[in-house]
Amino acid sequence: MPFHDKKLLTIVTESVLEARLVKDIQRLGAHGYTVVDARGGGAHGVQGGAWSFDRNIRIDVVCDAQVAEAIALRCEQSYLPDYGLILYVSDVGVLRADKF
Amino acid sequence: MPFHDKKLLTIVTESVLEARLVKDIQRLGAHGYTVVDARGGGAHGVQGGAWSFDRNIRIDVVCDAQVAEAIALRCEQSYLPDYGLILYVSDVGVLRADKF
Amino acid sequence: MPFHDKKLLTIVTESVLEARLVKDIQRLGAHGYTVVDARGGGAHGVQGGAWSFDRNIRIDVVCDAQVAEAIALRCEQSYLPDYGLILYVSDVGVLRADKF
Amino acid sequence: MTLDPVVLFFVLGLLAALAKSDLKLPPALYETLSVFLLIAIGLKGGVALSKLTGSAVLWQVVAVIVLGAALTLVAFAVLRWRLGRADAAATAAHYGSVSVVTFAVASAYLSRQGVEAEPQLTVFLAVMEMPALVVGVLLARMGGDKRVNWGRLAHEVFLGKSMVLLMGGLLIGWIAGADGIKSLSPLYIDLFKPVLSLFLLEMGLLTAGKLAGLRTQGLFVVAVATLMPLLFACLGLATAVAMGLSVGGAMLLATLCASSSYIAAPAAMRIAVPEANPAISLAASLGVTFPFNLLLGIPLYLWLAQQVYA
Amino acid sequence: MTLDPVVLFFVLGLLAALAKSDLKLPPALYETLSVFLLIAIGLKGGVALSKLTGSAVLWQVVAVIVLGAALTLVAFAVLRWRLGRADAAATAAHYGSVSVVTFAVASAYLSRQGVEAEPQLTVFLAVMEMPALVVGVLLARMGGDKRVNWGRLAHEVFLGKSMVLLMGGLLIGWIAGADGIKSLSPLYIDLFKPVLSLFLLEMGLLTAGKLAGLRTQGLFVVAVATLMPLLFACLGLATAVAMGLSVGGAMLLATLCASSSYIAAPAAMRIAVPEANPAISLAASLGVTFPFNLLLGIPLYLWLAQQVYA
Amino acid sequence: MTLDPVVLFFVLGLLAALAKSDLKLPPALYETLSVFLLIAIGLKGGVALSKLTGSAVLWQVVAVIVLGAALTLVAFAVLRWRLGRADAAATAAHYGSVSVVTFAVASAYLSRQGVEAEPQLTVFLAVMEMPALVVGVLLARMGGDKRVNWGRLAHEVFLGKSMVLLMGGLLIGWIAGADGIKSLSPLYIDLFKPVLSLFLLEMGLLTAGKLAGLRTQGLFVVAVATLMPLLFACLGLATAVAMGLSVGGAMLLATLCASSSYIAAPAAMRIAVPEANPAISLAASLGVTFPFNLLLGIPLYLWLAQQVYA
C-alpha cells in the first residue's frame, strides 16, 4: 500500500494554551489536530494534572513540512519564552496525502 | 542495545469504533494495542470529547509492516468512507522483536 | 528551521509503575517526561482502564540516544520480567537541542 | 408560567457557551449524571409499576411501540422531501425516539403544577426508545444493497447503555417495591431535581456547540425541528385520549412524542447507518428541538392537554 | 430473605457486562465512589469509637491482627497445594485481608434485620487490611533470594489510599464526635446506601471482566474461592465468641474473615510480589468470592451466628 | 474553639500528601466539586439578595470593588520590594482577589458560632474577584512596552469559569427566589458542607505540592504570605465598620480581604502576564495563605471583629 510522506508535529504544553494553539494551527494551514490530556515534568517543574492550570496537553498535527515549520516558529516566538512547552517533529506515512 | 525495526501504526477516529477496531487489530495479527481518549478536529468538524459519540480515540499498534498494511487496508475500506478517521505509520525500534 | 536530532522513547506499562519510572527516568539523565493515561491489551491480557491497577500509562521521553538506551535497559532488567510493558524508540527533530 | 429553575441552568449553560466562556464540565461528570438520571427514572417507574394490577398497561405498551414506529415513518416522509435517504432515515429515528431529560423536566413541571400522571409513563419512555431505531435502519436500507447487520443493531438497541440502565432501574424498582427502595431515595428521589439542574447546565453547553452546526444545515432543518414536535405532540395527545390516559399522562405522552433523542439514537445510527451525517440530526435534535421543548414546548403541551380534556 | 436492592445493582452490572452491553462507568466515578465509601465507613466508626471507654477494645484489636495473619497462613497452606510460591502467597494475602464493600453490604444487611453490632468492628476492618499483606510478602520471599524492600512495602500498606482514607475518616470521626459530624451526615450517612448501590453496579461490571479470567485458572481456584470464605467465616465466628462479641459483631467479624481484598491487596502485591500473576488472585477474589459473599455468604453468616448464639 | 471537621479534612489531605501517600483524587472530581461550590454559593447569595430592597447594597458593591483594587496596589508595593515587576504584579493580583473556599469555610464557621451575616457578602465575593486581576495586569504592563490584550483579559475575567458559575448561580437564585430554589436545596444547601469537606481534602493534597515550591522561594514570600492576610483583614474590618456591616458581615469581609485567589487569579495571570513565574504566587497563595487562613485566620478574624464591635 502506498503511504505518503508527511510530518507529524507534536507539542506538549500547558493546557491554558489549548484554544490559542488550535487557532494558530488552523490558521497556519493544518487540516486537523488531535489533543490528549497529559501530565509531566520538565524545566518548569511538575505538572501534576490535577487542576486546569496544572495540566498539560499533547497536540499532534499531521501536515506538510512547511506547515510544521510555521507552527514550530509560531510556538518558538509566542509561547516558548513564557510557557512550559516542548515540540518535536517526525516522519510518518499517511494513507491519503490530500487529506493533510 | 539492539533495537529491532518495527512499524508503529496510529489511528485517530471516533470512539464508537473502539470495540470493532480492537477486534480487527487482533484478527489481523497484531499482538497488542494501546488506546487513549482524545479530542480533535478535522474534515468532520470538531470532536469536543464531552460525549461518547463526540469523542475520539487514538489507537497505537506496534507491529510488522504487513500487519500495519492489513490494518490500514481494513480501515480504508470499512471505516474511512463513513467515519472521521486518520491513520499514519512510522518506524520504531523495539526491544524484543518476538513480542510484536 | 533547523530541527536537531533526538530520540523519542515511548513506554506503555501498568500505572502502578508511574512513580518508580519517573524517578528512574530523571535519575538516568532525561530532562523531562510526559505521561498519559491509557488502556490496552497485550500478552498480559486486557487492561481496561477502570481501576488504578487495571490501567496503563504511556510515558514519552525526548532525550539523547544514550539516555534512551539507559532507560530501556533499566526497564528490560527491572520491569519487563514481571510487568506488562512495551517500549519503543524513534527519531524526532526538536527545536532547542540543549533543552533535552 | 415562570421558568423552572432547572431550565434556568440550561439557559446559563447555553449563554455561557455562546459567549465563549471557558466553562466546561468534565466528561466524566456528564456520564455520571446521565447514569444517575436513567437509574433514577427507572427506579421511580418500577416502584410505581409494582403497585399496578391488571393487563391494561400491556396493551398500552403495545400501542406506544406502534406509535413510536409510526412517528418515525411520518418524520421520514417529511424529511425525505429535502434530505437524502440515509440522512432522512437517521434523523427520523431521532424524532421517533425520545429524550429522557425532556421527559424528566416535563415530569418536574407537572408535579410543580400539581398534576398527577400514570406510573406507566416511565415504561412508555423506556419502550419508545427502541422501535424508532429499528424503523430508521430499515428505512435507510430499503432499496439499497447494503445489508443490515441486525445482530449488531439489536445489540446496540437493547444493550445500549441507556436501555440497560433504564430497564435495570425499572426492574430493580419493581422487584424491591416502595419499601425496598426507601433507603435509596435520599439519592435517587431527593436529589433528582438538583442533579437534573447540573445536567441541564451541561446540556446548555453542548447545545450551543450544535447551534453552530445549524448555520450549514439551512432553514429546512430548523423549520422541521420546530414544527415536527408540535405535530407529534398532537398525535401523542390523540393517542393518549384513545388510550384513556389522564391529563397528566396525556401531557407526558405528548412530550415523549415531541421530544427527540440525542443519546441513544445518535449512538445507534452512527453504528447502523454510518453514511448519514450526524451533524444534521444532532443540530436538529439537540440544537433546536431540545431547547424548544424545554422553553416553550412543555408548558404548551400541558396547556393543550388541558384544552383537550376540559 | 429477599435481596437487598443494593445487591440487585450488583446483579444488574454483572448481567449487563456478561451480555456485552456497552455500559461503562467513567473511571473517575469509580475512584470517587471508593473514596466516599472509605471516608464514610471511617467516620461512622470513629464517631462510634468516641463513645467507647475502657481498654477492652485494644486487646480485641490485637486479637484481630493476629487473626488476619493466621488466616493468611492457612490460605497459603491451602493454595500452595496447587499454586507456585508467589501466586499462593499473593492470593493468600488477598484472603487474609478484607473487602470494604462486602463489609458495607453486611452492615446494611444487619441493620435491615434490626441487629446491632459493636462500633469497633470498623476499627477491625481497618486493622485487618494490613497484617495479611505483610505475611503474604514474607511468605513469597521465604527461602527465595530476592530481598524484600520493606520500606516500599510499609509505605504501600500504611500510606496506601484505602488505609489513609479509612484511618483518616476514623480519626476525624473520633476527634469531631457525633455532634461535630452532624453537618456532614447528609452526605456520609444519608447517602451511604444509595452511593453503595452505584458502586455495586460498577463492581458488577468489573466482576464480569474477571469471570472471563476464571476459565483459564481452572477448578481449583473456583473451589478455593468458595470454600475458603466458609472456613474463614467459621474461624471468625469462633474468635468472635472468644472475644465476647454480640451476634451482630460476630456476624460482621465472620464476614470480614470470609471477605477477600480486591483493592488494597492487589495494589500492594503488584508492587511487592510482582512475579505473582494478578489474574489468578483477582479471578478468585473478585470473580468468585466477592459475588459469593454478596449473594449467599452474608445471609448465611448471620444465620450461622444466630445458631451459635442461640 | 475546636476545629471544624471540614478543616480536619484539609489537614488529612495535607498530611497524606506530605507523607507521600499515593492518595489522589481524580481531576474530574476536583472540577466537579468546584463547579458545585461556586453554584451553591451563588444560589444562596442570589436567594438572599432577592429579599433585599433599597439601593444601599449598590454603594457597598462599589466600595468593595475599590477596596479590591486598593488592596492589590498595597500588595504590589510590598512585593515589589523584593520581586520583579511581573512577579510582584501577578502575586498582588492573587492577594487583591479572593478565595471562594476560604469564604465558604468562614461562613460555615460563622453559622456554627451562631453569628449572622448580611446576604450581600456573597455578592461582594463575586465582585471582588475581578478588580484585582485588572489592576494586576495594569501594574505588570506599566512602563513596559508589551501591549495588553484587553479583549482577552476581559474575556478571561468576566467569562472565566468561576465568574460565570458564581454570577450564574446568583442570578438563578435571585430570579427563582427562596421558593423556586427549594427543590434544589437537598443538593446545594444540605450537601454543601459535606461536599466542602471532600473539596478541602483535595485542597490539602494540592497544598502539599505547593509547599515544596516554597523552599526555592525563600523567607520573603513566606513572611508576606502570613503578614499580608493580617494587614488586609484589618483593612477589611475598617471598611466594614465604615459601611455599617454587622459583626458577621465584618468578619466575612475581613476574610475576603485576607484570602487570596488560587483559581481565578492563576488562570488569568497565566494568560495575561505569562512572564510571571506561577510557582511564586501559588506557593504564597495556596501553600501558605490558604492554610494560614483556614487554621488560624478565620477564628482570629471573628475575634478581631468582635473586639471592634464590642
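Letters are used for the chains, namely A, B, C, D, E and F, taken in the order the chains are written, and counting of residues starts over at 1 for each.
We adopt the following convention: contacts are C-beta pairs under 8 Å (C-beta built on N, C-alpha and C of every residue); 3 or more make two chains touch, one makes a residue touch a chain.
Note that the structure is a prediction, hence the values are computed from the model and not measured.
Novice: Looking at the contacts, which chains touch chain C and chain E alike?
Specialist: none
Novice: If chain B and chain C share one sequence, what is the angle of the rotation that overlays their CA atoms, in steps of 5 degrees?
Specialist: 120
Novice: Count the residue numbers both chain E and chain F use at their shared interface, divide by all numbers used there, and answer same if that is over half, different if under half.
Specialist: different
Novice: I'd like to verify one number: the distance from the centre of chain D to the centre of chain E, where each centre is the average of its C-alpha atoms, in whole angstrom.
Specialist: 41
Novice: As a quick test, compute the distance in whole Å between the mean CA positions of chain B and chain D.
Specialist: So the centre of chain B lies 34 Å away from the centre of chain D.
Novice: Roughly how far is chain A from chain B, going centre to centre by Cα mean, in whole Å?
Specialist: Each chain's C-alpha centroid was found; their separation is 19 Å.
Novice: Please set out, as single numbers or ranges, the residues of chain D touching at least two other chains.
Specialist: Chain D, residues with two or more chain partners: 22, 24-28, 31, 186.
Novice: Send over the residues of chain A in touch with two or more other chains.
Specialist: In chain A, 36, 49, 90-91 touch at least two other chains.
Novice: Which of the chains are touching one another, listed as pairs?
Specialist: Every pair of chains meeting the touch criterion: A-B, A-C, A-F, B-C, B-D, C-E, D-E, D-F, E-F.
Novice: Could you list, by residue number, the parts of chain F that touch chain A in their complex?
Specialist: Residues 24-25, 27, 30-31, 202, 205-206, 209, 213, 266-267, 270-271, 274-275, 278-279.
Novice: Of all residues in chain F, which touch chain E in the complex?
Specialist: Going through chain F, the ones touching chain E are 2-6, 8-9, 12, 16, 19-29, 108, 112, 186, 190-191, 193-195, 197-198, 201.
Novice: Note which residues of chain A are touching chain C in the complex, please.
Specialist: 10, 12, 36-43, 49, 56, 58, 69, 72-73, 75-76, 80, 86-91
Novice: Name, in rising order, each residue of chain B that touches chain C in their complex.
Specialist: Listed in rising order, the residues are 1, 3, 6, 8, 22, 26, 31-36, 60, 62, 90-96, 99-100.
Novice: Sort out for me which residues of chain A touch chain F in the complex.
Specialist: Result: residues 14, 16, 45-46, 48-55, 81-83 of chain A touch chain F.
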